[in-house]
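Below is one structure, written out as structure tokens; the observations come after it.
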Amino acid sequence: MQSTNDKFKVVGTQLSDAEKISKPSLSFWKDVFIRFRKNKLAMFGLVLLAILIFMAIFGPYMTEYDYKTNDLTNKNQPPSAEHWFGTDDLGRDMFTRTWEGARISIFIGVAAALIDLFIGVAWGGIAGYKGGRTDETMMRAADILSGIPYLLLVILLMVVLGQGLGTMILAMTITGWINMSRIVRGQVLMLKSQEYVLASKTLGANTTRIMGKHLIPNSMGPILVTMTLTVPSAIFTEAYLGFLGLGLTPPLASWGTMANDGLPALRYYPWRLFFPAIFICLTIFAFNVVGDGLRDALDPRSRK
Amino acid sequence: MKKRLSIFFSMLLVVSMFLAACGGGGDNADGGGDGGKDVPQELKVNINTEPPSLNPGLAQDSTSGTVLRNIMEGLTRIGQKDEPEAAMAESWEISDDLKTYTFKIRDAQWSNGDPVTAQDFEYAWKWALDPNNQSTYSYQLYYIEGAEAANTGKGSMDDVGVKAIDDKTLEVKLVNPTPYFLELTAFYTYLPVNSKIAQENKDWATDAGDDYTTNGPFHMTEWSHSDKIILEKSDTYWDKDTVKLDSIEMVMINDPNTELSMFDNGELDWAGAPTGALPTDAMQALKDNGTLVTQAIAGVYNYKFNTTVEPLNNENIRKALSHALNREELIANITQGEQLPAMGIVPPTMFPENEKGHFPDNDVEAAKEFLEKGLEELGYEDASELPAIALSYNTSEAHQKIAQAVQDMWSQNLGIEVTLDNAEWNVYLDKLDNMDFQVARLGWLGDFNDAMNFLEMYKDADGGNNQTGWEDPEFQKLLEQSQTETDPDARLQLLKDAEAIFMDAMPVAPIYFYTNNWVQDESLKEVFVSGLGDVQYKWAYFE
Amino acid sequence: MAKYIGKRLLYMIISLWLIVTATFFLMRVAPGNPFASEKKLPPEIEANLQAHYGLDKPWYQQYTDYLVNVVTWDFGPSFKYKSQTVNDLISEGFPVSFLLGMEAIFIAVALGVLFGVIAALKQNKWQDYTTMAIAVLGISVPSFIMASFLQYFLAIKLGVFPVARWESFQHTILPAIALAAGPMAYIARLTRSSMIEVLANDYIKTAKAKGLSSGVITVKHAMRNALLPVVTYLGPLTASILTGSFVIEKIFGIPGLGFHFVTSITNRDYTVIMGVTVFYSIILLVAILLVDIAYGIIDPRIKLAGGKKGE
């Protein structure tokens, strides 16, 4: 295969050269970061998230009102110079309450999403990879848990464990991870029979390596999408739990409870629904684009 | 980048268009009725939920009551003057000791042509009292001699004081002179049942059909479970010339916003109480456009104190909490249904002087004095040393709002810290039964129009509906005297004295007396809502 | 295959038994009872009721009674709705929920997949961003808020649809959209993300290099594998949507089955709780089995029936 064509040239034959890294050395995370930064939409999402978190921390102190004092003579006021987001049905300042609520809702959304992520990925990943009886046992256990009436489960949790943040998070995640585990299992089932996984297996890679390097990273798309779905559902589940006496006790605010309270007022005092709802949307939007950006940045194939 | 942002902003725009559209507020009301003489006499109302049972002996809720009241008729019927009138009974005699009633049954027919007989009443009442039939409201019949014993298995059904002397004569013997007995005979547990059919088919009341015979102004022609009930004017009703509506469609919509929206869209002729409910947030708008109708009913919304735990075992603390409430403000801003501030336990429909009540509303000065005294008795220096008081309510938007406002009032006016505690309905009832609460909200709606109904439950500390742990020998004595007192005025005075004792001990902080609020089609006339909040369509018509 | 399905059916029966058992104990341990009400019953009447419904028997006897009920498919009378048995409630409510659910699933899948595919093919173009915006709205606005919005703007403001009730096809449109919005958004996002992943695969590049039209590539090669997570999600989704949604039925006044899932529990209507739980669980377990069978059809390399023998 010798060629005299001068379009070809010898690049080098030294063995040591072949092992040299041609691109500047970058750690994995640095690489991810650089790629993430190039994604403008994702950066925008990140900035948005930063603003939301900043407001959640400092927002409640920006007005002279606190989140709990009633002012019945000023109830249901539309947004104005005094009350930037208007007031609710007990005359409380919606701006203060919105940011007070941001703290709890963002925290709960993220916490629930992370817990669901860890349990769901581990459960679904193991079930899918091991297959056979392990798969049957683990997935049937998930089915049983999702067959039991959730409301009943929650009532009992509250009676047994009492009110509190821990109980609330537990109630939210007790069945929340199931969807994630099913998605991950499906992906793993499909991926594990693909050639590169078989190749890796043949080369002697152990389970952890195959899971960590091949199966999970290649399921990242559906995982992230499912995770961004968990955030809003946790925010609203919190409101639902509150209704059962398990969530926050009033006058504490959260976006979920504010949106719940504001919904019947839609025809009369729309701002009571609008503000919590728009900030939930913005948060989800931010999580979505950041998630997408992260996925792209993590995907080795998008490396150029 | 520009493009991406612009998409994001266009998304924002869509949402804000929603907002802009909301600004208008909705009043494209106006149902049917174009002034013509020949208006269709078809009424469409919402009854909220599926009636759990349309067997008079098994019914125990207001939805079933609403349907039954319009298709069946008892010995008496509450007339448009809000007093019992002759109905299936054309006349009656009362013995001198006021304990024996002899009813003469009118010549009336069931919808299948069978005559209505005295036996139908005896059968129905004894059926409800038979412990094998699982009637939950059978205790409404305990005013009848021997009824309680028979129902609880301690006596024989033959000793129950109701007897059909002949086809048209019914004799009823009572335990005590019961001045409101003729009202009770209009109540649904006292309705007759077509005994011929009921004896043959025990499931006669589970569906509309040939076996579901009625003796009231309307007849049920369709019962589509959880969806709708259709009533049509009954041809066999003795007073059918009075009935003007041709049909009533009762739909089951369990959402106040939807109910009002359907009314605004002309899909319903009535929205709100007594069969449905109006959304609280709509109240102001409905008041502003002048369509809201308000009527006081016999019911009271209470905060019950658990008098067995510190600090609520202290009378002065209880009084402090009760006096520190600004009921007027609560009603004007939160419940918004023009309820009456309650500073007494018996509704003003029975005790007119309770419009003023036993103490002034929002008396913060007095409240502070009571608090001082109470703290001293309990050995505290300052209100801030009191442990936080837990205020319990069952899950509902309205209760939650009131609780938050009360929390704020107690903290602002008295410096008492209050924590809110809500629970799902059944868990909540369980808590109340076990006295596992400090302050708890509970409403009471009268079953019949008498003060006894509002006082009796506090007679014994372990009574099922007391839930405060409070009892008082003097109070008990007055109630017992009233039961045998035959002079109405003396009886009334005894009950008033009892209420005074009760209010002085304040085991309960009454908040407000209930009202019914609704909107109705302008051309709909003469729908009658009684003082107990029961609706009748017998006289209703569209003009 | 037949052997696999047979084995799964056996697992299903075991799962069902465990669900019934867990539900039985949870509902009996939960505070409250079916006869509790604001106006308390005299104790004698309550005791009589307890005896009539067998609630005074020892727990193991009640438990076996329930198991017999499940096996014979006769759940007994409702405690609350005395004119109906649990079987009546299910047979009357389910057809309504089923119809509405099918409509919603159709909307969710058709539009969700369509949007997802478009977004993936036009990644980072305006089509992608528009579907993304719709999806974010769909995901972050829960069905009950969506339902109120639709009802207010399309029924009250514009008068295009009736406000509520279950009478004609017109009446089903708004509730179906409200039910479908969330799943549609999620399906669109799932499809998009796995499509993008699949499109980057070598075999797609090969197909492209071979000169296949992009339509063929999309349908024949890419979509097939990209739909796997959607199918996974569709199993449980179908089960829950077909058995009705409490909030949607409440807001639109629909006489479906979803209502009973919530009210039976708040009423502690034990027989109804058991009936609807068993009914839902059977549908759920069947749906999940179908999903697993579908895996093998989508990708024949997926082997579920215990890996050892085949490989």
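Assorted remarks:
Note that the chains take the letters A, B and C in the order they are written out, and that residue 1 is the start of every chain.
Going forward, a contact is a pair of C-beta atoms (placed from the backbone, for glycine too) under 8 Å apart; a residue touches a chain by one contact, two chains touch by 3 or more.
Treat the numbers as computed from the prediction; the structure is a model and nothing was measured.
Taking A-C and A-B together, the chain pair joined by more C-beta contacts is A-C. Relative to the C-alpha centre of chain C, the farthest chain centre belongs to B. With centres taken as mean Cα positions, chain C sits 37 Å from chain B.
With each centre defined as the average position of its C-alpha atoms, the distance from chain A to chain C rounds to 22 Å. Remark: chain A and chain B have CA centroids separated by 47 Å (rounded to whole angstrom). Multi-chain contact residues of chain B (touching two or more other chains): 4, 8, 11, 15, 18, 22, 26, 257, 424, 427.
Contact with two or more other chains is made by residues 155, 159, 266-267, 277, 281, 285 of chain A.
Shared interface positions of chain C, defined as residues touching 2 or more other chains, are 30-31, 136-137, 148-149, 152, 156, 266. Contact residues on chain A toward chain C in their complex (touch as defined above): 131-133, 135-136, 139-140, 143-144, 146-149, 151-153, 155-156, 159, 178-179, 182-183, 185-187, 189-190, 193-194, 218, 221-222, 224-226, 228-229, 232-233, 236, 259, 263, 266-267, 273, 277, 280-281, 283-285, 288-289, 292, 295, 299, 301-302. By the touch criterion stated above, chain C contacts chain A in their complex at residues 11, 14-16, 18-19, 22-23, 26-27, 29-31, 132, 135-137, 139-142, 144-145, 148-149, 152, 156, 186, 189-190, 193-194, 196-197, 200, 225, 228-229, 231-233, 235-236, 261-262, 265-266, 273, 277, 280-281, 284-285, 288, 291, 295, 299, 301-304, 306-308. Of all the residues in chain C, the ones that touch chain B in their complex are 30-33, 35-45, 48-49, 52, 80-84, 88-89, 92-93, 126, 129-130, 133, 136-137, 148-149, 151-153, 155-157, 159, 162-166, 250-253, 255, 259, 266-268. Contact residues on chain B toward chain A in their complex (touch as defined above): 1, 4-5, 8, 11-12, 15, 18-19, 22-23, 25-26, 256-257, 279-282, 284-285, 329, 332-334, 395, 397, 400-401, 403-405, 407-408, 419-424, 427. Contact residues of chain B toward chain C in the complex are 3-4, 7-8, 10-11, 14-15, 18, 21-22, 24, 26, 28, 50, 52-55, 58, 60, 131-132, 134-136, 138-139, 151-153, 205-207, 224-227, 251-255, 257-258, 261-262, 264-265, 267, 424-427, 429-431, 433, 442-444, 447, 464-465.
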